[in-house]
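Inspection log for the structure reproduced underneath, given as structure tokens.
Going in written order, the chains are labelled A, B, C and D, and every chain counts its residues from 1.
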Amino acid sequence: MGLVLDFATTTAILFIVTSGLMMIFGVMQIVNFAHGAILAIGGYVAFVITRVGIPSLYGCFFAFIAGFLVGALIERFVVRPLYRRPLDAILATWGLGIVIIQVIVMIFGRGVQLVESPLQGTWNILGTEYSSYRIIMIPVALCIGGVIIALLNGTRFGIKTRAVIMNENLAESLGINSGMIRFISFSIGAGLGTMAGFFITPLSSVDPYMGVAWLTNAFMLVMVSGHSFLALAGACLVFGSIQVLVSIYVNPVLGGMAISVLAAATLRIRPKGFSHD
Amino acid sequence: MKATALEVENMTCGYGNAMILRDLSMKIISGESVSVLGKNGMGKSTLLKAIMGFLPKARGSVRLFGFDTTRTRPHNIARHGIAYAAQEQPLFTDLTVRNNLEIALKHPETFDQLFRPITHLFPVFANRLDQPAGTLSGGEQKMLLVARCLMLRPSFIMLDEITEGLQPLVIDNIAEALKWERESHGTTMLIIEQNIQFALKVTDRFQIMSKGALVDSGCCDEDGASEKILRHLSV
Amino acid sequence: MKAARIFIAVAAAAVSASSFAGDTIKIGVPVGLSGVHSVLAPSEIQSAKLAATEINAKGGILGKKIEVVVADDGSGAVGAQKAFDSLIFDKKVDAIISSETSAARNAALPIVSRGKIPYIYATYYEGHSCNKWMYMNGWVPEQLSSAMVGYLNKTYKARKFFLIGSDYVFGRGVLKFTRDFIEKAGFEVVGDEYLPLDASDWTPIISKVRDAKPDAIISCTSAGVPNVTLGKQLKSSGLKLPYGNLALDESTAKSMGADADGVVIAGTYMTSLDTPENKKFLAAMKEQFKDKYQTPNEHSVPIYDGFYSYKAACEKAGTTDPKAVVKALGEVEITGPRGVIKMDPHNRHADLNMYLAQVQPDGSVKVVDSVMGLKPGDQCQF
Amino acid sequence: MTKSKISTQIPMLLCLILVVAGPFAFDTYMVNTLIKAFFFAVAAITVDLLWGYTGYLTFGQSAFFGAGAYCAGLVFTHLGFSSEYALLAGVLSVVIPGLLALFVGWLSFYHGAAPFFSCVISLVVPIVVYQLVLSGGNFTGSSSGLTGFETFDFEIESWYWIAGAIMLVAAIATDIFVKSDAGKILVAIRDNEQRCEYLGLNTYVIKTLLLGVCGALAGFAGFSYGAFSGVVAPELTGFSFGTEMIIWVALSGRGTLWGPVIGTVLITVISSYLSNSIPFVWQLILGIGFVSVIVFLPKGLLPYVIRPLSRKSSLDAPIKLEEAKIQDSSVSGHAIVMDHVTKSYGSLDVLKNITLTGDPGDLIGIIGPNGAGKTTLMRCMGDGEHRTGGSVEICGRDLGKKHPEEVVRLGLGRKFQNANIFQTLSVSECLRIARTIRERPSLVRTSKVLALPAYVLDVMKVTGIDKKLGTAAKDLSHGEQQALELSMVLALEPKVVLLDEPTAGLTLSERRSIGAIFSALAHKYRFCCLLVEHDLEFVKEIATKIVVLYHGTILMQGDVDEVVNSKLVQDIYTGTKSSARNSEAEK
């Protein structure tokens, strides 16, 4: 049972962390290497919010808003000139990640901050005591996934976004401002990133580099998933479970690179990865 | 005197530094319907793409309803009331028929009202709104394309080889729809065609394009129009 | 051309910076401003600054004021090399007193040998590191593991232990010694697992602990992030086992609060020690740093002691000449917050008092046991 | 003096002075820092070769550098230090990273691999190596790395000169290589990999070999670094270090060799001073600088520093054109035979049962409306993997599943629709690369003579590009670019030439002269030309035979008059055909 919960919670956490990156990559084929720094921003939002005493339930909205604003700035000043140079966009966003991290260091210092988990203790799931916060991540991931799918499929913005993804020229000729769609998607993606940072902090601690460790795994998962959020969920489940298995039965260090290696192998064999089309 | 809908002056443009159109000028009066005819690869589609803002212009200018749109981006040109049906990949095949029709509307809530006339012109869509556009037959897709253009209540419609590969019946249906549109709304049209009969039926005058330039023109109802065109198109 | 000008400017700056030599004694304090040790860096710097202020207020060393030069070692080997290079060859410090990771110390030793200056390594470590310029005033596993294992067995009747560590010199070194000690004592080690220094997800290891069903857990992670994340995740995993943490300090425990409740820690220094030296030390700390005051700990107090040992050695030798000071360091004895510190001239390590304490639900620490004057065992021979 | 010479000589001289004079001018700390900087600079050179010159963005060079460093650390720690072991470690540090790099190259570069994919692999490599080092326990020292091993006992000055010499040798050797005729191939791959393939260059083998060499070089730099510093830590293998190398190269100027060398040294030195006094601000400045350079000055800073010095740029010594001896060019039998060739995407047939033959001296016009499958037909001739059925023979040899670069060696040349050339290379360099399969280019020299077949010289003369040998291809007019591409294709000495809409976008007079060239190629030089063209009048004048393609099938083929006068073709061209035909298809 413990193993099943490990699978489920690892999948959920991976999905939460990757969804923002996916949003951006899906819409504009740009990889946001500042994602690690954006996760850290979320962590510091959590830190500030618990200090100020705002209930952490509202905190995730603040985190989202903070990320949304940062994302908007990044898109406007750094990413927009680089749409036609996707490899340079990787580099520029990575450089930006360094900048954001240093700004965090200057404000909060280099040290580790601790954030109280809003949910202490354990729950008993079918006879296994398991961290309640990790379990809560499962509905959180489902919520985020649900909201994204509803947003993309059920709203006018979502349809326009999908239109831009499918055929940008056609969308433009129908009066859809693809630049604006990208701007908003990037901002939402960054917002999802900070929200993810907010959610993972109680599991670890807050420090300026907290997001970097997640970056490459998130990147590889997005690469194998193509455009589809369902494929992303699938990739998180499969690779997350393998990571858990390798970590427990072989070696936690090898588990740490399981996702990268398997994703790279998947791409070599099937360049389209998990996506159907 | 009627207002000018489209005015292209000495436009030179192309892909990269390969110039497809050279020093091209044309003018369409509001309410007019004009066809551009010519053989393959002569730059007809390029002309529409250039007007729509997809190609940078090396020289010259484009004005739509008095606005200079030489450097305007496509989505802003679309907002000047231009409906454009491209030749390649003109529909979102993964979206439903309804989404395809609705997506460009300024006020989606007016969908039902705008859709009513369409059901008369193309009855086939009445109960197939929720079907993905990609599952329609080739002819139905072209009709959907025309329907989308009409639903925008545009002031200017541009169609790129709308009859390509269609059955005569469908072609007639489309021609009827375009005629109805002109009669009821007086919409200006610019139509790229290979099908001479269709072009003569739905437009007032024609222009012949060859190697990136307009080389001849005429009125569609003049005697011998068809022969004049054939002379240019045959070899 | 512009590049050339910049280059010349930089080169010139380098030359001019290095040609400074004042009437002060410079003491280099490399700390982990970044990386895993960044939690500890503020308290270490405060200790050094307090010692310098106190010594300067009483006329300095041999009439010269001392100046603390801090450098970032990035908590690792590569950063430590940069920091030591910079301190010794650029800043030209007279001595180095530091509390760093073992990797940093090992990487720095060749540079210390080249720089030929006294080096006091002022924290606990895995033992058996020797250099003729270096002295140690923190604990080694010989002193600590025996105290911890003995206490867990005595109090919780623990006979099956699970060991968890960060995968680095110190973690592996201490736990290897602990394992040998446990097995020699006739108890059992049911598992030992390591995660890389920068890892923060302990889920797989906690799963293994759950399967191995030990009586007690002993961990020796790096101080800082791994310690905190392991504590948090163990707490939220629902495993309710006696837990001895060999690398947890009081201030970290305090910030972890309830997450550290019940954890047994061991060390040579606890803030609650009831000695006049400690009370005076704590009062001076609060006086000097006011609201920025950081809880002193097993890393910072030895630095404070190290400054006094260095002062005593200089005064005994009557010079700051490195060779003479190194010789004198093995001969002087000081009394600091941790009690009497006398480093052996041959063994290079010190006899120490060990205290065992338990973290309370509010994060405070209560001393539950103590062992006085524990010997460091055979470490070095000079 | 020429631009390229100034931009090389000044930095080279600076480096030379720095290396010779360093120990006399600087204090120990600076010397220490510079030694490390020199080793880093060698690694940066490899990044520049791969990314700046060849266009392969790699995060992975740190893995090879680190692997080399661990060769030193592991051998000296576990076996001990002696001159034999030092030699062993040195050899291992070249061989192991080199082999690793070849393996990574095999993974990253294959026919049809997207550049993005190669970049992703390069990201995974350092992660894997890093994790392997971490999981090595006491063997690799895990997180702590290996320290305190015995190593070469040199004085610091000696280390300085050794490190400087290694850097200079690496930089000068690389400089010679990238300026040589063979080195230009790297830029060609960066500019246009597809064109390279269709010039018979096996780009993925070239890239894999290059990565192997760069891996070995980075490994040796790592070995030297490890041996000097006495510390080998996992950070040296990691992804962050890999990106740091990219930052050095990007800031100073990718593709400028000496830029990254100087940039690496400068940045390492400055950070060694500033990272102690203002560590966070320095990182911030570096980050902001990096982002700005990527966004605003993708070429990096060096070109802007050097530019004012080289205002009076003139051409290198002029290249002399010469006539090359053509190898036996007689083809017995058909030049090209297509037998029941089919191409389908899923259930959609783009080409159905195409059967046609072409002989030397034929100029076959392929006409048909948009979407008839003309370009697909060309692709099926040029790339053995493209067709889904049927067979193709070129000069009597079966096409099989051959990739373009092998097909080219069978005797096929393909000119694309858009001028498909190497934008940043000069006309003569483009042509020399086109000659690679005929004349092996030198790895060290730049040849002053360019030997081309007579008909290429003809084409160049007629179109005037023989006067523009030193001009960068991107500065040519569209017509000249088309002429250049045609010359490049012909320089392969092909037997079958595919020409895809070669007149698109040309002016009337350009069309006329190019028409004359095609006729001459077919009739005088006995090529078999296949010409896809919309302009029927143009085709009519020069073709010997016309094939009408319609909805993926050959509707008609025959003499020019026969085809042009047929009712069928008239119908297609006047649009009356399309409706009739398709209504059948829809039923």
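We adopt the following convention: a contact is a pair of C-beta atoms (placed from the backbone, for glycine too) under 8 Å apart; a residue touches a chain by one contact, two chains touch by 3 or more.
Predicted, not measured: the structure shown is a model, and the values here were computed from it.
Asker: Enter the minimum step count from subunit C to subunit D; a value of 1 means the two chains touch.
Answerer: The fewest touching-chain steps linking subunit C to subunit D number 1.
Asker: Any chance you could check whether B-D or A-B wins on number of contacting C-beta pairs?
Answerer: B-D
Asker: From the centre of subunit D, which chain's CA centre is farthest?
Answerer: C
Asker: Per-chain C-alpha centres versus the global one: which chain is nearest?
Answerer: Checking distances from each chain centre to the full centroid gives A.
Asker: Counting in whole Å, what is the centre-to-centre distance of subunit A and subunit B, each centre being its mean C-alpha position?
Answerer: 43
Asker: As a quick test, compute the distance in whole Å between the mean CA positions of subunit B and subunit C.
Answerer: From the centre of subunit B to the centre of subunit C is 78 Å.
Asker: Based only on mean CA positions, could you tell me how far subunit A sits from subunit C in angstrom?
Answerer: 37
Asker: Counting only residues that touch at least two other chains, what does the list for subunit A look like?
Answerer: 110, 253, 256
Asker: For subunit B, jot down the residues that touch at least 2 other chains.
Answerer: As it turns out, subunit B has no residue touching two or more other chains.
Asker: Multi-chain contacts only, two chains or more: what residues does subunit C have there?
Answerer: In subunit C, the residues touching two or more other chains are 33-34, 167, 194, 196, 198.
Asker: Can you name every pair of chains that touch?
Answerer: A-B, A-C, A-D, B-D, C-D
Asker: Note which residues of subunit D are touching subunit A in the complex, please.
Answerer: Interface residues on subunit D, with respect to subunit A: 57, 107, 114-117, 119-121, 123-124, 127-128, 131, 134-135, 239-240, 243, 246-247, 250, 280-281, 283-284, 286-288, 290-291, 294-296, 298.
Asker: Can you list the residues on subunit C that touch subunit A in the complex?
Answerer: 33-34, 38-39, 41-42, 167, 193-196, 198-201, 203-205, 207-208, 210, 224-225, 228-229, 232-233, 235-239, 255-258
Asker: In the complex of these two chains, what residues of subunit A are touching subunit B?
Answerer: 156, 159-160, 162-163, 166-167, 169-179
Asker: Taking the complex as given, what residues does subunit D use to touch subunit B?
Answerer: Listed in rising order, the residues are 369-370, 418-419, 477-478, 481, 501, 504-505, 507-508, 534-537, 540, 564, 569-570, 573-576, 578-579, 582-583, 585-586.
Asker: Give every residue of subunit B touching subunit D within the complex, in rising order.
Answerer: Per the touch definition, subunit B meets subunit D at residues 14-20, 22, 39-42, 87, 137-139, 163-168, 171, 193-197, 211, 229-230, 233-235.
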